[in-house]
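Shared chain: chain A. Partners: chain B in the first complex, chain C in the second.
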Partner chain A sequence: MKTNHCICTGLTACAVLLLPSAPTFAADADKPTLDRAVMDALGGAPAKRDYVFSLQGGWAFSALRVQAGLTNRLALVTELESVLLLRNRPMIGVGMRWVDRPRLRITGEALGGWLFQNSEEIRRGPNAELRVRVAVPLRRFVPYAILSTRHALLPDLTTIERASETETSWSFRHEWTPWATIGLGFAITSSIGVDLAINYGWVDAPNTIALPGFHVGLHFGGGR
Partner chain B sequence: MNKLVIAYAVGLSLLSGCINQETNLYEVALSGEISVAAGSPTNGKVHLAFHHAQSVGEGELAHPLGEFYREMISSVGSANHTLLYPQNDGAGLVVYGWLDADGDGAFCAPGKPRDEPAGLVVVSGFPAHALTYTLVLDTPCTGPELLYP
Partner chain C sequence: MRCMFLESFLSKHRARTRTATLAIVASAALVVLAMMPIACAPPARGVEWDGKRLPVVDIHLHPGDWDHVPQKTRKFLASRFPFPLGVDAESSADDTLSPESILSELDNAGIWGGGLFAVYAPRTVGVASNDIIVKDLAYAPDRYFGFASLRVDRWNIDRDAQLSQLKAVLSKPGFIGIKIAHAHQHFRMDDPAYYGIYEISASMGKPIYLHTGTSPFPGTSQEPAYTDPAYLEAAIQMFPKAGFILGHLGYDFINRRHTGLETCIRLAKTYHNVYLEPSAFGSAASDPENETLSLAMRRMREEGVVDRIIYGSDGPQSPGFVKTYLERTVTAMRETGYTQAEAADALAGNFARVFGVTIPKDAAE
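Let's look at the complex of A and B:
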């Protein structure tokens, strides 16, 4: 009997958390919620006239990110990611809220940019990323997860000097980086928040090994 | 039209500024005459390895040899090759060869007679697109490291 009561209570709590009755867009709310900045930073896609600035530092990946709401569901995303200042990736793109409920936000992001890696092995070329963010706000806390797939095209140049002529040809190698992040954000105020997360990026999969990393982040938001 | 030219120029400069690996190959048509010293076996396939004369390092730290291409021919005699010589990886051209007298595909394998002849020649006149060489296989069971420099 006691077990059944626990199960019922647990299921009810899950339903309350994850399945509210009707979708609500952040722009509809007149008053900013306490977790607005950190939610926009980690869940993605701030509403129209909102913006959020994120600074995330850690090993091995660090990032600067600015997001600005264009409409209630669509936001401009720009970011600069760096791996120990050796591998840098400026990107620009858009983020769109797919699901926006009081207890759940799912956002899809598409970004394009350029990869600059100046370590022992030079890697440079156009780069694109598709990313899904899931955030589940719980009062001041925002547990979140990111899954993404990154693709870079690395151009190579081959020149063949023949007796009659010189031939030049381009070829492109593909670098794939699947990515996963799981973390926890915390809202200090409605415009300031922090987060701590574990990253699992597999650069040049499956030819290499993946090393897990972490980051701590600081987020400032505003607007409206 | 001007916009097209500008777009092309920008695209080209972006692309050329972002080369990952640049490979410069130099085509050489090489004609060789391969023979075996008197007293050595004469039948069998000939395994040839084409090397840079110097591959890495400079001055006293220069490292001799650096294989960039292999080829096997059916017997001693004349041979023609078209090589794509990697210019960025070294300098000079050396040809090393050995005769697979027992037909086992291995050079002087343990337990076999140690009479498979080998030889090495530095191709003179390189760089040029057409060159000739004469290779005499006259040293049994010897790798290129012992024959050059």
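Let's look at the complex of A and C:
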């Protein structure tokens, strides 16, 4: 495997810290093919013993994401997503390749986690997401799209203090976020890639208006 | 052979020279372009109507300061901002409510002038003090017009002090009117204890903008005595020299329907000192099909009170709102058959007449 140790040493260090058991990008028998790292990052579900680490920064959503192949079709997915560092969402789940052809990969992902929003309106609660990724590798480029539906359950505790007694009650509110991303990835090397995409996450649809955003991403991958 | 070699060499050399020259010229052009100030010119001022540009004044704009908004209202406002602006509502609001930002919104909409409202409603929408307006007016003294306000929540104690202070503020340059909101400030429209405000309006020739109709803000007094413009009739009669601008046309923002429109029109037809302002209820969020705004514009024209309409948006709210609201209002006027002269009156002419403001030629070009 041709490696590039010089690119973004800090990020590589992060990747190594997060994946201590992963070897460096040294050549081995299971080395990723040319576009594998970026393909795995954007198309989802790396194969068994492969992993990919993604760092996506932009407005308003940024994310840190690690995927590790459990079988040839199933992968573990963990991610931490943040909106302006005020709305954070750690998630864990699985991704499964539904279609895996040389020119097309379709992956389904299911994730669960918790939403923490610390703003004027505090929103906290369990959160789940179902996601479909479609990636079409074209030489070093990987055009891709993501469609997903996110659901958060936001509990509210109401306490009424009366002279006679204190009454507490729970109520729950549902926050739905349909999501779409369309973007283009590029494989710099077999283990390093970048992407640029526009996102539209309609948070708390249909009660609100949401602005579209964008991100740029850096992806590292390797085989274990 | 030598000759052929030489020709080949010269030909290659010429080609290289041409390429190099092209590269140098292209680079120089790029450098020149990069050094030029790159900015999008604001759109032409005014609204195009039958081949003429009509100037626009937006009477209803809210500058302010997030720190002076009550916590419940902050939460409410944050929920109304487009995502993700509401997540960091404080910085979004501070950016939006500054005089620079408001002027930029006006420029973006092609609007020449704007009315800046002071607000003293500490338990509902918050406080934008007269001092803030004084400061903001200085940012664009030719294009901003101030509306002073006063506290009424300690009326039994400081009534005279508040009225004196109101008079003093109204005497400052740039202040052309008074802003009050019975529903947000919790005093009845027909309570004679507060008629001193109308006396000042009449004596100083500074019309009063009044919020009419219900309001979605937490803590608002929604009962008819605070929201129904019919309760203003006694004061309108008693102070014929005071101008009464009925904000929002008595719209019911809770149930999203025109409950006060016909009353406002009746008052305008009956009394010469009543004016009508169709702000806020025609926003894309409240009125997706533009039907509510069209209905109001149509009814006012049918009843012959176009000469009382004073345009306002209730901006800035969020980036682009001021522009969008103007576009929606213009669409409503076109759909309901306004003539060029009627549109000119509603968009700026009536404002200029009522407040004695001269609108310059460059307000619409």
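As a convention for this text, the second predicted complex is superposed on the first by the 186 of 224 C-alpha atoms of A that agree within 3 Å, B and C clash if a C-alpha of one lies under 4 Å from a C-alpha of the other, contacts with A are read in each partner's own complex, and residues count from 1 in each chain.
Quick note on the criterion: a contact is a pair of C-beta atoms (placed from the backbone, for glycine too) under 8 Å apart; a residue touches a chain by one contact, two chains touch by 3 or more.
This structure is a prediction, so every number in the text was calculated from the model and none was measured.
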First, second, both or neither for A:L138, with chain B first and chain C second: neither
Which superposed partner A:V99 touches (first chain B, second chain C, both, neither): neither
Chain B versus chain C as contact partner of A:L84, first or second or both or neither: second
Touching partner for A:A210 - first (chain B), second (chain C), both, neither: second
Touched partner set for A:R124, first chain B, second chain C, both or neither: first
Which superposed partner A:R173 touches (first chain B, second chain C, both, neither): first
Chain C - residues contacting chain A, complex: 71, 74-75, 77-79, 82-90, 285
Touching residues on chain A, where the partner in the complex is chain B: 114, 122-125, 154-163, 170, 173
Chain A residues within the chain C interface of the complex: 60, 83-84, 86-87, 117, 119-121, 201-204, 208-211, 213
Residue ranges of chain B touching chain A (in the complex, touch as defined): 15-27, 29, 84, 87, 129-130
